[in-house]
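Next, two complexes with chain A in common: one pairs it with chain B, the other with chain C.
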Partner chain A sequence: MMSSTNNIGLEEILSSLNQLFEGVSTEKVDPRQYKIITPPEKTIPVLEFLKEKGYSHLSILTCIDWIAEKKFELVYILFNWGTGVTFVVSTYVNRDNPIFYTVKHIWPTAEYYERDVHEFFGVKFEGNENCEKPLILELWNDLPPLRKDFDPLEYSKKHYPDREYQKDAIHEARIIRGDVRGEIDG
Partner chain B sequence: MSNRGNVKIDERTVWEKIADQLRSRSMWMLHYCTGCGAVELPPSMTSRFDLERFGIGPMATPRQADIFLITGYLSVKTLRRVIYTYEKMPDPKYVIGFGSCTINGGIYYDSYATINRLDYYIPVDLYIAGCMPRPEAIFEAFTKLMEMIRKGEANGWKRYKENYEWYKQNQLRSLGEVIIHDEFHE
Partner chain C sequence: MGEVKLFFGPNHPGMHGNFSVHMYVEGDIVVKARPMPGFLHRGFEKLMERRLWYQNVALIPRICVPEPDINEACYAMAIEKIARVEVPERAQWIRMIVLELARIANHLWSFGGIGGPTGMYTSMYWAVADRDRVLDIFEELSGARIYHMYIVPGGVRKDLPPKLEDKIYHLLDYLEAKIPEYETFILKNRILHTRLKGIAKIDTETCLKIGVTGIGLRATGVPYDIRKVDPYLFYDKVEFEVPTATEGDAYARISLKPKEIIQSIRIIRQCLEKMPSGPVNVKIGEGSGLRIRVPRGMAYVHVESTRGEYGYLVVSDGGEKPYRVAVRGASYPQGLYGVEHLLPGTRIDDVPIWLDSMGVCAPEIDR
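For the complex of A and B:
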């Protein structure tokens, strides 16, 4: 349960965010979750500020590929163990040459999140010297696989041979479900 | 897979036939828990279904195991470990592919990370269809496997030796390199 003092603390944090950092927008997702969109140059100061205010746990650092806008959205989710409130801090970087800065000095665990984001989206984090080391995939030699312009089916077809079937079971299943018209033999 | 030469794969000496009778009644199972299917094994092994009445028990190391159970989807990363483990097991060894993912990729047919057909890389004696198979299906598979061993039909380990080149070539095609490199063990 959230106490009223914590709520006041929250209001204060939100208003000082707007005062201290220019261009930062905050949005209430629900009483326990707030989204904060920051310009890239303000992100790390905002994260440092929030860590000091009790949002000390970096739950995850991840990325979203907005291919139409040609942007990568970096998302830092911070959690406050005292109040149970979550802040989702995000920022946008250019998709063509995605470079951002490490937060390893704030949260040492970020090292692995940054390696993960580099491996799956290709975003580089300056200051993290291990950022380009492979983490999960082994011997990967294609586009970072979670980018929207990567085609997993095509990759799978090229690398991992399929079992060959006499009949097209998927097509028949579509007929049975009524998605397409046709005859089933046998 | 045709260069079998003159040696018939299902030819056995009298002693081998006797040994197979005994083997089929006492097997250790290495359950390499790759995918979701592994969750059906604890109920199979414990008192409700009681796997031991078939003379089958879990084994912790590949060096002492007879059955290799692949319980679901296999990422290429895991496949490297699977091949390594399979080659460590002493003859005779039997492989069971468990669940649709091992048969044709299942719902992960279009994944960039998982293979689509287990028997392309290592010989599989028996598949259990389903997503995921229930303990009843597992028991049916085990009794079938015991029968196959008695009849001398479960000879995947012989096929692996005879078609070693073919299997190796397939492994290399999908994996690039079968040897495992990782930062925690080097």
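For the complex of A and C:
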């Protein structure tokens, strides 16, 4: 099942990442997890390279909104079934006009992850023609909700205002029970 | 005959949780299928960013209703990884017991659930009743039957109550005697054979291509299990096997569930034997009481759920609340891409078999 490329040593992969791709930095999170930060133009070649080296399982593609730095961080989590090592590959895109490229030719399921990220962060993925189709939210007409500048409390107050009650139902109930005297309207 | 549009779900006996598939059918053959998630979207990832680290413990079990403990475990382990905190040994063994009990409960639940799409209701009556015995243990352990909120960052909430170990042993003995009966009366039943053999088939290549994990993948003959490949807690210190089948059909997947229960029983027995005494939790980070701070950082933690790889990406900016939490639901690939691309060509009545036996869980897709 496991191809021979799976057994290439971790050190070798990390050093060839630095040699083959300029501007890529690697950081050890723990012995079986590494974080790789790539410049946007190198991300897809890096992902293709890692897939070939046995990191063939895309666990998730997601996004983080770094509003202070005005960046979105796209995170691709790759897992190697042969060695049990996880690579967290990330790249930064501009927050004002967030456009990136699809990876659905590498991992078909990415089509749905990209739709998810578009819906919740507003990042567009060039090459994924379905990316702007709504997926989970229905008839959404506000800022993408997982952006840091979206305030869910304010949204709820705007869309679901507090009810104003015309009658004091508790007072009326006490009148009916005879606890207090008074009249009931209508 | 023309093409007709049919709605499967959001309420259907063959679907657990609210999830819908829009099917375009010709006769009784599905021509096109579109997954429609979102009925159970509760905005957990956003809510988590607005609550304290500890407050989220009460929120996250609800992401996956039938198997809540994996959420607690992933969340807690991710925080511990960022904060570089060592959890006491006893707490880790207790976590393993809880996770394996949850696996047994959820396997029984979904084993019973196959009664819905196949009409084999005996499995439901039996398995759900046995699942209740596991829930009794959880109730005694945590005070709650479904959402336990027992695994917390830094360890577990409390030590095992007195005499619970004996009750767990008793439960394991009972289940061990019961599982062969499941195999004789349910798995050998003609209804299940007719409705599941050769139905909803998937091969290894497709599984790996679209990212299907767990039983869906193991039923095609690949022994990939995160507990073995990337062991967390003390899964590398216990002996267990990873059951596989080769057919890749719904029957193979369902028949793996009792085998996995047997392995879970084996793991729990070893945990109870190897568990030392000692403290069961440590404090995480700075701050007082439940208002803790987690150092800046990012970590991904995944565990083997009953449906496959279940993971949490947790990001901290050093504050009192998580900066971002992303959840990898185990059934995302088969529930969305799988429905769209693998259902066309099958019969209408096989759609619930796919959703059920592949473990499509709507709440973890919607989050």
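Criterion: the second predicted complex is superposed on the first by the 152 of 186 C-alpha atoms of A that agree within 3 Å, B and C clash if a C-alpha of one lies under 4 Å from a C-alpha of the other, contacts with A are read in each partner's own complex, and residues count from 1 in each chain.
As a working rule, contacts are C-beta pairs under 8 Å (C-beta built on N, C-alpha and C of every residue); 3 or more make two chains touch, one makes a residue touch a chain.
The structure presented is a predicted model; accordingly, all values stated were derived computationally and were not measured.
*Asks:* Examine A:58 and indicate which partner it touches, taking first as chain B and second as chain C; both and neither are also allowed.
*Replies:* A:58: touches chain C, not chain B.
*Asks:* Is chain A touched at more residues by chain B or by chain C?
*Replies:* Touching more of chain A: C.
*Asks:* Thinking of the overlay built on chain A, is A:162 touched by chain B (first), by chain C (second), by both, or by neither?
*Replies:* After superposition on chain A, A:162 lies in contact with chain B alone.
*Asks:* Report for A:145: first if it touches chain B alone, second if chain C alone, otherwise both or neither.
*Replies:* both
*Asks:* Between chain B (first) and chain C (second), which, if any, makes contact with A:178: first, second, both or neither?
*Replies:* It touches nothing on chain B or chain C.
*Asks:* Which residues would you name on chain A as touching chain B in one complex and chain C in the other?
*Replies:* 136-138, 145, 150, 152
*Asks:* Can you tell me which positions in chain A touch chain C when the two form their complex?
*Replies:* 1, 29-30, 32-33, 35, 56-60, 62, 64-65, 75, 77, 79, 81, 84-86, 88, 107-109, 111-113, 120, 135-138, 145-146, 150, 152
*Asks:* Residues of chain A touching chain B in their complex?
*Replies:* Listed in rising order, the residues of chain A that touch chain B are 133, 136-139, 141-142, 145, 150, 152-153, 155-156, 159-163.
*Asks:* Touching chain A in the complex: which residues of chain B?
*Replies:* It is residues 76-77, 80, 103-105, 109-117, 120, 170, 173-177, 181-183 of chain B that touch chain A.
*Asks:* Can you name the residues of chain C that touch chain A in the complex?
*Replies:* Those residues of chain C that touch chain A are 37-38, 41, 43, 45-47, 50, 81, 204, 208-211, 213, 222, 224, 229-231, 298-300, 302, 309, 311, 313, 315, 323-324, 326, 328, 332-333, 336-337, 341, 365-366.
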